[in-house]
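Data block below; observations after.
Letters A, B, C, D, E and F mark the chains as written, and numbering starts fresh at 1 in each.
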Amino acid sequence: MPYVNIKVTKENGGLTKEEKQKLIKGVTDLLQETLHKNPASTVVVIDEVDMDNYGLGAEQISDRRKRGE
Amino acid sequence: MPYVNIKVTKENGGLTKEEKQKLIKGVTDLLQETLHKNPASTVVVIDEVDMDNYGLGAEQISDRRKRGE
Amino acid sequence: MPYVNIKVTKENGGLTKEEKQKLIKGVTDLLQETLHKNPASTVVVIDEVDMDNYGLGAEQISDRRKRGE
Amino acid sequence: MPYVNIKVTKENGGLTKEEKQKLIKGVTDLLQETLHKNPASTVVVIDEVDMDNYGLGAEQISDRRKRGE
Amino acid sequence: MPYVNIKVTKENGGLTKEEKQKLIKGVTDLLQETLHKNPASTVVVIDEVDMDNYGLGAEQISDRRKRGE
Amino acid sequence: MPYVNIKVTKENGGLTKEEKQKLIKGVTDLLQETLHKNPASTVVVIDEVDMDNYGLGAEQISDRRKRGE
């Protein structure tokens, strides 16, 4: 019954369905292996955040990407 | 002054305005009845999440819905 | 499979077990009645926040309480 | 390495890039000045929420705005 | 620069340091493998929630555990 | 009516009351100056997270601190 929230920037059109599935399965498996949590009640929510809305080092990710970071 | 965040999947075009209003009022009333919290400063935020971005039982809800779950 | 997070201040020793149960049941019932969501996979997490850590109107709730607010 | 999440309603087309940058820089500077936190690992995420999805005083912000509030 | 929040119930005294480390490393590796995200700016926060404060199926986890669930 | 959540590690006994007040006031003022938001309904919640529970670069902050980082 764990709850996991993953926030990543939305880049190049956003994550593919397969990438999201891989994250959901990977986190659920990790919680089962590490803490024996029941996958059936493990909830995972992925938030894709606009690069203008995500800041690191006092800058927007969109600006960091323009510098190749 | 409580803060409540509700995350649900976005299905069939998403929640109607009335459904959102019902959730906001229902949660605010519940906090007033149960804990005597002041509705005037009770904040409720509803996040509608894409079915590909919401996982349960290591699967995306979109896939579970295809199986009628 | 909705996820609900409720943040309230921790006052007078915190919520009783019964108050928490009432909030969990009340929110789960509301989601079932409003959106026909399955209670079995509805997750509710209650965070009790120290009054010094909760701000409203640029003030800590602890200070507002000292003024009887 | 602090993490800050800011939720505001999406009004008049949403925040401008400059407003988002100002929030990101302002919060990062505040954490550096107050707690000497390293800007390089300070993460800020801004969520812009639909006015129908944001409730205060048991009402949707969209309805409060119609009354000029 | 992804941000991940994991909420689990606090049981049997809570997670060990090693379990927390395993979750932090496991999620960071998953994001690197799946989305090529830089571990150096991947933030993971683990919240351990009291079993009375965590609800599933309209019940507190503490009560479900008493029934062996 | 914005909502802001600040997560920082709990170090050296945690933040002082004054530091928390400074963060609450600083963020509320920033939202008023930048977006003309009403302080009276601006909610700020500060979460102090155990250093074992906070990960950056696939490591727990507690371990990074032992290396003087």
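FYI, contacts are C-beta pairs under 8 Å (C-beta built on N, C-alpha and C of every residue); 3 or more make two chains touch, one makes a residue touch a chain.
In this text, all values refer to a predicted model and were calculated from it rather than measured experimentally.
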| item | value |
| --- | --- |
| Where chain D and chain F overlap in contact partners, by chain label | B, E |
| Most distant chain from chain D by Cα centroid | E |
| Averaged-CA centre spacing for the pair chain E and chain A, given as whole angstrom | 14 |
| Separation of mean Cα positions, chain E and chain B [Å, integer] | 21 |
| Centre distance in Å when chain B and chain F are each reduced to the mean of their C-alpha atoms | 26 |
| Contacts with 2+ other chains: residues of chain E | 1, 3, 7, 23, 27, 41, 43, 45, 54, 56 |
| All pairs of touching chains, each written as two labels joined by a dash | A-B, A-C, A-D, A-E, B-C, B-D, B-F, C-E, C-F, D-E, D-F, E-F |
| Residue ranges of chain C in contact with chain E within the complex | 17, 20-21, 23-25, 27-29, 39-48 |
| Residues of chain A defined as touching chain E within the complex | 1-9, 15, 19, 22-23, 26-27, 30-31, 34-35, 37, 41, 54, 56, 61 |
| Contacting residues of chain E [partner chain D, same complex] | 1, 3, 41, 43, 45 |
| Chain E-facing residues of chain F, complex | 7, 49, 52-60, 62-63 |
